[in-house]
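Each in structure tokens, the structures are laid out below.
Each of the two complexes below includes subunit A, the first together with subunit B, the second together with subunit C.
Right after this comes the complex of A and B.
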């Protein structure tokens, strides 16, 4: 009895090696730097959560469906600048709504392009979404002419954005509450609805999904639309936090989102995984960044660390399946 | 029926030679514009500007033919240039700088090969992560500042002119072109690469040492990327961590545009050369016509989506026929 228990503990460690590694690092930091657990720092960490969880949440759906999406860089950038530009003509509510819908539309467009060409392997998807990303980013550049758009310059009120970006409810930032609501909804969507199950099935076995009678193309488009919607929300969260939008503000979000999803334990091969695991990944990656700041590592070393974690996480994820 | 067969035949020719068709279309278009497009100076300049990317592409082609892919070349290129400049600035001889830089590329390629070939991970995302890691290392090495080289001899390497006016970079590119062409066409290594890319299992059971050969392909890709990096550093007289940001994606797209497929087993150096040249030609045409940089990014994105999309579409038709 104890032996099986031991085995299952060992098995858990084996399955979640990266996760455990980061947890150890966090504990070490907490011991080395007592300020790490101070209220000020924890508050700071909660704030840093901002846009990344949304992007990672959307990416989870695409990865569970067995694909990948590099275009969120372009989507986040384009939605951000368009939203700021629309505050004056449409008012803040309208701008917010159009921004989020634009994100969903761009995601849907990705799905449409991919299904039209019949892109099925990760390579094809990777390159086409990269191409889409440069198209979106170019549109953002043309729209802004490389200028930084500021919320403060708009003539109408932009209180929704400032509330999202800097207000707390108790100690919890408003944006985090919004995220948790969406997280629960998305979790239920993935687990309990037929469409959510279809996405999982598509990632598990495309041929089986087709033979069972699911519409593979529309399921694929659905996964990408959700990712676009979430990227739109991420863009709004980013805009609220920094109060400016540029045509390159989405840079690096794609690798960070993939990093969070993989560290959480969702496999890149598709079919398995959950949005709750991604949430765990996001928290750990954010804490990791905070730890490295506390320990005084340079930003460049942090990039090296993130890259290493990404490569090792994918490698170990791959070994699991063997 | 007959008409349909003809359409299929035409489609097949077009999809095989899409890069050549794009070149002809661009050249015809330029006939009607009053620019300096049709001058020897312009064409030599185009060849010189594209030389660095072409050299990277030669190595990547070998990896792609084996059924792999190397997105880390951007980071590798950067690393090679920075290491060479650092060595030369510290008073080491230039040949030693070359050796050290190429060795670093070999090490990166070796690690990529280990992860992709030995551990059987998906090459696309793992090399993307590797590129991010290398970028971080480059930034750490240079503190994200451009590193100017103090040696005139080092600068001369890529800025000389041979045979009364041919830029040395073009000469190096041609030498490497012939070298790689022979490697793939006339050696058993090259033939084995095609066999491995064509069908991994069959190649394995035919007695080809699949793992070492594919592994070597990744090392070659890393080494050529660093070689290109050193030449770029010599051309610019600086090593900087901003070089190679888009190289990985651009080169891999160019290779596919030429007709080397990610499925492996088809294509070659000539195809890759043409594929990369199309991108350069498009940029040159747009520069000549005075199109803004933003619109150029847009056109590049559209080109990538269209050509890789067409590649996928062709394979989809093939699948449906079977």
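Right after this comes the complex of A and C.
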């Protein structure tokens, strides 16, 4: 009797490793550094949640479809600089809209290039999206002439961006509320719509999905378009928080997004996964960064820790198969 | 060396538990030197688990293993190989991009003092089994039977005393099978023992000296093959008597349903045929003759131009599987795991995936209807699964196949294409698939069946087309034709 009870406790830990990790992290850091739980730091953490969740949310779709996307560095950078540049000619609403749609378009373009090349393996997709990223970043460099673009230099109003970047509704940042709405919509999209199901089935087995009549190429383009759209939103969130955009603002977002997806428990093999799990990954990774800051670890050590967490996450995922 | 035992392998009271299942229940076997030892049983009987314990992939939970007089407590696949126990899996373990010689001595080139020695040794081994494959050929360019020769040579390179062959004939043509038979006899004459696992009872009777029948993780019986009849064996495997292996032939052939005209690709030449309502049309031919290519072209899975397809009197274009599905076609592919199933997904998702569009309103999938479909097909086809949410990968081969058939049954296909529908599934499940086929034609559907098992085609179809080298070389009425007539046309 006690044995089965032990087993079910163990099973609970196994099923909710990330959640347990978050709890342990909070307890350990709070003991070592009581300021961690202070209002100032919590507000800081919530605000840090800005761009990364959007990027990780989009990446979840691509990974569930059985692929990967390194181009979001380029998309985030390019969308950011173009958006700032468009505030004066189009007004802030127009700039925001065009920026987000540009993200979706670049994602769709990735999908188009990949399906036209017939790239179906993860290695091919990895290198092609890496190449696309270089192109987008180069375009951003040409556009900015390597200057930093500042919201403050705009002649027209940019209040939407400042609201997104620094206003709170109660204690919750506006950008987080926007994110939660989108998260719920995307969760329902993945679970309830035929397009979401097609993405999962594609990741599970492309050949089988093809033979029962799914259009593999259009489904693949859809997954990349969603990721582009989410990267566009991530770019807007980033721009709003830091109030500047450069041709390299998106750097590291691809690895961090993939890290969050994998740590959350979506398998890199494709097929199985959930956007809600990815959010646990985002929370864990963001908290980990914050805790290490609080405990005074150097940024180099933080990079080591992130790498270690990624390796452990993949190792645990592969052990689950056994 | 003095022999301390009469047996190369003795297994005593082996038990193996998986969560919730007793996979092996006090299994005991004794395999003498120089025999071909058959093991038969339905899928899930425990054959593979036992072999995986012997070869060191799994650990046993209880019992003893004595190999060549030595008690083995723990083993790993490489230790087992070095002791002289090789296993040749159904899916070969070869590196396609390396040469034959390199594959035989993979990772052991230094033992032969470099590549020249490796190829020389490899040549000797291949000669010893009468194979003429060049040791410099790439394995990827070889046929299935040649790859098997390479596997056997690899086994011999470890000086194996016991070679386990798991379903060795599943990818071989009947000519190639004869060669395998000769080699197995040579091995036996050298004193090497072979464990031969197969669903094909004819092969068991032809090659084996002793047969063990397993069912539900237990050894049911072990006898010299002469003391067993085919029906005894089947009865012991399934635990009940099966009167017939095949249901009575269906006779529902009606008017023409589908006509295919001038199908040509680089591999196919002038394929013309007609399929009738209520007909089961058998396509036979050697592996590689072009049978699968015909049905893939018809189904829109491969890009083919220039042929005409006339469905119910109207010309139709079927460029993709999507259009094929809309035209009322359904395909159960040859390679269940690679092309048919989504292994990590639930039984329900695997069944409903072909019907999702019908359950979708404004893009939203109706999940309660989806659950209904899952339940309905699980019940209708008697799919043995704990729940609809169980992952399909955990089911036996026969039940997995039924999931794919059920997927299409839900859509009442006009034309059901079955590519090797009973490959690797057990006798009981085979019979159920045959009964289903008859139900489909009775309801007015038509079936195109590809099969490498001639008896199956002869007993199930209304008409047989023989394919050889991409051409239709013969048409037979299976009620009159003999297997020899058909093979004659298939070899060309």
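Just so it is clear, the second predicted complex is superposed on the first by the 301 of 322 C-alpha atoms of A that agree within 3 Å, B and C clash if a C-alpha of one lies under 4 Å from a C-alpha of the other, contacts with A are read in each partner's own complex, and residues count from 1 in each chain.
Quick note on the criterion: a residue touches a chain if its C-beta (ideal position, glycine included) is under 8 Å from a C-beta of that chain, and two chains touch if they have at least 3 such contacts.
This is a predicted model, so every value here is computed, not measured.
Enquirer: Sharing subunit A, do subunit B and subunit C clash or fit in the superposition?
Expert: clash
Enquirer: Output check: A:208 vs subunit B and subunit C. Expected answer is one of first, second, both, neither. What do you get?
Expert: In the superposition, A:208 contacts subunit C only.
Enquirer: Go through the superposed model and pick first if A:192 touches only subunit B, second if only subunit C, both, or neither.
Expert: In the superposed model, A:192 contacts subunit C only, not subunit B.
Enquirer: Using the touch definition from the top, say if A:118 reaches subunit B (first), subunit C (second), both or neither.
Expert: In the superposition, A:118 contacts subunit B only.
Enquirer: Who touches more of subunit A, subunit B or subunit C?
Expert: Between subunit B and subunit C, B touches the greater number of residues in subunit A.
Enquirer: Looking at the overlay, does A:139 come into contact with subunit B only (first), subunit C only (second), both, or neither?
Expert: A:139 contacts subunit B only, not subunit C.
Enquirer: May I ask you to decide whether A:255 touches subunit B, subunit C, both, or neither, giving the answer as first, second, both or neither?
Expert: After superposition on chain A, A:255 lies in contact with subunit B alone.
Enquirer: Between subunit B and subunit C, whom does A:271 touch in the aligned arrangement: first, second, both, or neither?
Expert: In the superposition, A:271 touches subunit C alone.
Enquirer: Superposing the two structures on chain A, identify the stretch of subunit B from 60-68, 204-212 or 294-302 that clashes with subunit C.
Expert: 204-212
Enquirer: After overlaying the two complexes on chain A, where does the subunit B footprint on subunit A coincide with the subunit C footprint?
Expert: none
Enquirer: Going by the contact rule set out above, which residues of subunit C touch subunit A in the complex?
Expert: Where subunit C meets subunit A, its residues are 299, 301, 320-322, 324-326, 331, 333, 338-345, 349, 353-354, 356-357, 360, 363-365, 367, 407.
Enquirer: Contact residues on subunit A for subunit C in the complex?
Expert: 192-195, 197, 201, 204-205, 207-215, 271-272
Enquirer: Could you pull out which subunit A residues touch subunit B in their complex?
Expert: Interface residues on the subunit A side: 68, 113, 116-124, 126-128, 130-135, 137-139, 141-142, 145-146, 255, 258, 268-269, 298-308, 310-311, 314-315, 318-319, 322.
Enquirer: Inside the complex, what are the residues of subunit B that reach subunit A?
Expert: Subunit B residues touching subunit A: 69, 115, 119-122, 124-126, 128-137, 139-140, 143-144, 249, 252-253, 256, 262-263, 293-295, 297-298, 300-305, 308-313, 315-316, 319.
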